[in-house]
Amino acid sequence: MPLLSVEGLGIDFGGLRAVNDVGFGVEPGEIVSVIGPNGAGKTTLFNMISGAYRPARGKVSLDGEAVTGMAPNQLAERGLSRTFQNLQIFQKMSVLENVMTGRHLKARGSLVADLFSTPASRRRTAEARTVASGLLARVGLDRAADQQASSLSYGALKRLEIARALALEPRILLLDEPAAGCNAVETEEIDHLIADVAKSGVAILLVEHDMKMVMRISSHIVVLDRGEKIAEGKPEKVSRDPKVIEAYLGVQEGSGHALG
Amino acid sequence: MTELLQYLVSGTTVGAAYALVALGFTIIYNASDVVNFAQGEFVMLGGMVTFFAWQAGVPLPLAALLAIVAAAVIGVLLNKLAIERAGAAPVVSLIIITIGASIFLRGGAQLVFDKQLHRFPGFSGDEPMNVGGVTILPQGLWVVAVAVMVFVLLYVFFTRTLTGKAILATANNRVAAKLVGINTDYMMSLSFALSAAIGALAGILMTPISLTSYDLGVPFALKGFAAAMLGGMGVPVGALVGGLLLGLIEALTAGLVSSTYKDAVAFIVILVVLFWMPQGLFGRKSMERV
Amino acid sequence: MRLSSKHLTLLILLAIVALAPLAFPSNFYYRIGALAFVNGLAVTGLVILIGFAGQVSLGHAGFAGIGAYTCALAPIYLGLHPALAMLLGTVISAGIAWLIGGPILRLKGYYLGVATLGFGILVSMVLANEVPITGGADGREVPELGLRAALKFIGIDLSNAQFWYAFTALFLLGGAWVASNLHDSAAGRALRALHDSEIAAGTVGVDVARYKLSAFVLSAVYASLSGSLLALMNKFITPDVAGFLHSVELVTMTVLGGAGSVPGAIAGATLLTLLPQALTALQAYEHMILGLIMMLVMIFMRDGLVPTLSRALRGRG
Amino acid sequence: MKSVLKAAVAALMIGVASPALADIKIGSTVSETGPASSLGDPEAKTLRMLVDEINAAGGVLGEKIELVSYDDAGDPNKARTFATRLIEDDEVVAIVGGSTTATTMSIMQVVADAEIPFISLAGALEIVDPVQPWTFKTPHTDRMACGKIFENMKAGGLTKIGLISGSDGFGASMRKHCVDIAGDYGIEILADEIYGPTDADMTPQLTNLRSKEGVQAILNAGFGQGPAIVTRNYGQLGIKTPLYQSHGVASKAFIELAGPASNGVKIPGTAILIADQLSQDDPQYAVVTAYRKIYEEKAGSPASTFGGYAHDALRLLVDAINRAGAAEPQAIRDAIEQTKGFVGVTGAFNMSATDHLGLDLSAFRMLEIKDGNWVLLQ
């Protein structure tokens, strides 16, 4: 049984079927990519899986447990974490604090202890700081640790979100366009990072427009078009699928995101 | 039975005044996402300017027009000098700015005018009409008629005219509105002027009924704000229904239950409505985009 | 490093409180100081709610009213010592905050504003209308705390004004210490996270509703203590303490000084407590000047006085 | 270091710098703005013009009076702060003020601790009962107002009444006392309605009073805009039962605001409202005429009962300082307490150790509005 499994998932916005009857599974250590033209419903699918939207139809299970429509924090407790396409950074915190907050589930404790700064409370914060510093080093942001998060570049913020998501020690990680807006070097760094994380046994679900990256690192690809799954399989199989090619060319008329 | 009708007449009159204030809130909110807590001061200015002009010998209709224009000008100034400069400040900052404006205008009115209560005669006299044992003031009819008329005009304005739609677009997405060629600064000023004018109109209409003074803006702002939120902020029909509902709840509670806690009942109703409908009665449900 | 900056801030605050009396021209300034501290305490609570968690309240004076009237009534009706009444006030405030916080904190922005406003108005209406118990709008007397007499007995002889200056300062310092602790703890980070992005906070595992509620209850406790102190210090209390204008005054102090920072908010409280006293010479213009200051600060110093000024200083140095 | 700090504090407190050397400093804190400004505004004006007049006439004990006056906006907490400031910082020898009962109560605490004489301008009985050594007051109590009204009702055979009152301090306090003593006059209160001080319409409450079986008269306890709206609504509903208002409406402005419906309204008032109808041998004739003249000249608006309270307070104080022969708080207090036969705008004051008001019902006159004017009933 896959770690994350999605069956028949769908949602409507004002009578419009934004996503309909989408299903797939993700195993530990696997990288599954969701691709499709703009407006295909990729981010909506992510939002349903991660609890931001409540799906109208279908089922999401995590390790066999039905988690459909659970709040994001309940999913976090079950080891699901994510990043956001349009960045959801804690702007007014320092870079380090952002990642420390990502460690919330391990760092939290009694509120009273936090109010009076008991040794236990300080110990929890110190542990979070140590882990967070390590993660910042891993994504190459250790030198920016004390800066205010809002001062970072777009690419750096993307990496910061990944570090924050990793602080949770997730079993499954949803990454929504982690390489968008990054230059070639940064993209390659993220590329390695994702592969690395997957290798440690984390299941990864990825939405990405950079087809080179998708083809290179995905173990499995799901293709969406107008809210429906039109193809699924290994990268080389999907890239030859006529339906996929048509979906892309038909919508985008050969613009930047054609299949590599 | 006549008692009940009398309560309804009272509630409708006062409720129509709340509705006018709430409509004022709605217009500015629609253009800028700002809830203007200085809205009550426009109500005050309407009454005070009209009274002092009238006392100086200006005929009442002209005095009222003068007050509306004066309020509109102050509304535009408020937008140009404060709101526009604040930009995309958080909700609390905007609350403080508009409350600051309210305190400023009240302080100014106290200096320019005076601290006494004032009144001028009703538009169609002060002789009440008796309809089957129920007393109706002609001025009360004026208030209700104008509130309904303003609502209809606003409804047409926002749904049928290009300018009205441009104001809505400005609120929805300032940048996009600019890109499609809407002069967003002008739309903001226009909506402040419109809102201030409607507030002043409410003040002018109510002065023969409930008197005016430099400090009656706050109670009107509170009730108008509550009415707008009850109906759903930003929706004209919500403002109208919210205002009338608030006035009716107050009058019926005072008449049938307890005059001591009529305001309390009004706020409890608001809390209960918001519990079931967090966007108010007619508010649009918004979905957070992530 | 963070820890030391927190302690440094508290030390500076302590030094100001301790040294300021050296410059007081008369006993009257102890009264102003104590008022600033009482306001500062409520405002520190609002820093937790508005500054950390990003939730608006236009009704927190309601909790100050509960704290104040518990101190006035519990000694008479329950025979409690005023100090215990103060504690009871915080328990009641916390309880009520917990009960109403659940439903109303689901509301956002202005809707939360009108709901909290309604709560505050309900409290002040009950206080004003239940005349046989509360004394109504004319207010009622509050029993003597008695601590000053006890201190005198052990040889510490303070004037009434001096005692309240010192006593309220202790509460303010304690409150500021607790709020600073919270700021740098896991719970504080959770609150600040949901301020910036509720959805991201949920994603990292923060139970958004629970933390909002905690912030609401905590700030209610601060407001309640502030109300209790005001009642005990004045030995007389009226429903104005719970009124809309007091709620707005508290929020203004919080935001003007800098909602995100404890010292900022305390500076805001001090400034707005001093201002009416400084403006008595310009009595007729007092309201205009106050309104103008509120607008100017919010327009030109968006983060509030202290954060903006300290950034400017750091930028230069 | 200390001097630097001192300078910093002084800079913050720009308002504190005390003007010119004062001879006798008298403090005041009244509600010039805020919900009670219809009381506080004429009070503050009266105090200023009287001090000028007294100084122009040579002052007191050969010294000039300096008036330090603050606006507490009707906020009891502010009133307490200003009272503290007057005593500790301005070092006044006496305080006049407290436009409302709540502000008065706050100030009383401070003057009791500091032992400074204080003459209040507020109505409630609680201010002088029980007697506090340092607090006096000039207005009739609300309990006396109730008594005066009930006396008149009883004489007119009106024993079953409907009560309506404002929820502010003035209305609530008077309501309480009226309910308390109604029985003593054989008056029965059949209906009891409340309105908020800023309400726009009171027809629901009045409709209830109108439809209540057996109500022979209506009594409204309140001040500010409420009573004017109540009177208008009373007229609109065509209610015929006699309407009594409190001394809270005792001004010319009320008649204008309430309009024709105010014809026939009765209140317990003071001589100032009927100054032109006083006979020359009325003991109050001289003082009332003089006060009215100076107020209307300088303020440009009709004199009201409220300004009269301030007038009497300041005159009482000056009289006491003269008799004490020294501007010392203790001496002034003792002298105020010994005031006998002092005729003011409000009435003749006879203070004692057990009576810090010193007025009886005799100076309280029942007035009625006829053709847009106050006239004396009797």
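For clarity, chains are labelled A, B, C and D in written order, and residue numbers in each chain start from 1.
One rule holds for everything that comes next: a contact is a pair of C-beta atoms (placed from the backbone, for glycine too) under 8 Å apart; a residue touches a chain by one contact, two chains touch by 3 or more.
These are the chains along with the protein names UniProt gives them: A = Branched-chain amino acid transport system ATP-binding protein; B, C = Branched-chain amino acid transport system permease protein; D = Branched-chain amino acid transport system substrate-binding protein.
All values derive from a computational prediction rather than experimental measurement.
Shared contact partners of chain A and chain B, listed by label, are C. Chain centroids computed from C-alpha atoms place C closest to the centre of all protein C-alpha atoms shown. Of all chains, the one whose Cα centroid sits at the greatest distance from that of chain A is D.
If each chain is reduced to the centroid of its CA atoms, chain B and chain D end up 35 Å from each other.
Between the CA-based centres of chain A and chain D the separation comes to 72 Å, rounded to the whole angstrom. Averaging Cα coordinates per chain places chain A and chain C 41 Å apart. Within chain C, residues 129, 199, 286-287 each touch two or more of the remaining chains. For chain A, the set of residues that touch two or more other chains comprises 52, 84, 88.
In chain D, 32-33, 167, 194 are the positions where the chain touches two or more neighbouring chains simultaneously.
Residues 19-20, 22-29, 31-32, 35, 128-129, 131, 136-139, 141, 160-161, 230, 234-236, 238, 240-241, 274, 276-283, 286-287 of chain C touch chain D in their complex.
If you check the complex, the residues on chain B that touch chain C are 35, 82, 85-86, 89-97, 99-108, 110-111, 218, 222, 225-226, 229, 233, 260-261, 263-264, 267-268, 270-271, 274-275, 278-280, 288, 290.
On chain C, the positions that touch chain A within their shared complex are 178, 181-182, 184-190, 192-193, 195-197, 199-208, 214, 218, 260.
Across the complex, chain C meets chain B through its residues 50, 54, 56, 58, 103-104, 106-111, 113-115, 117-119, 121-122, 125-126, 129, 198-199, 244, 248, 251-252, 254-256, 259, 284-295, 298-299, 302. On the chain B side of its complex with chain D, the touching residues are 3, 6-7, 9-11, 13-14, 17, 110, 115-119, 126, 128, 130, 135, 137, 206, 209-211, 213, 215-216, 219, 251-252, 254-255, 258-260, 262-263.
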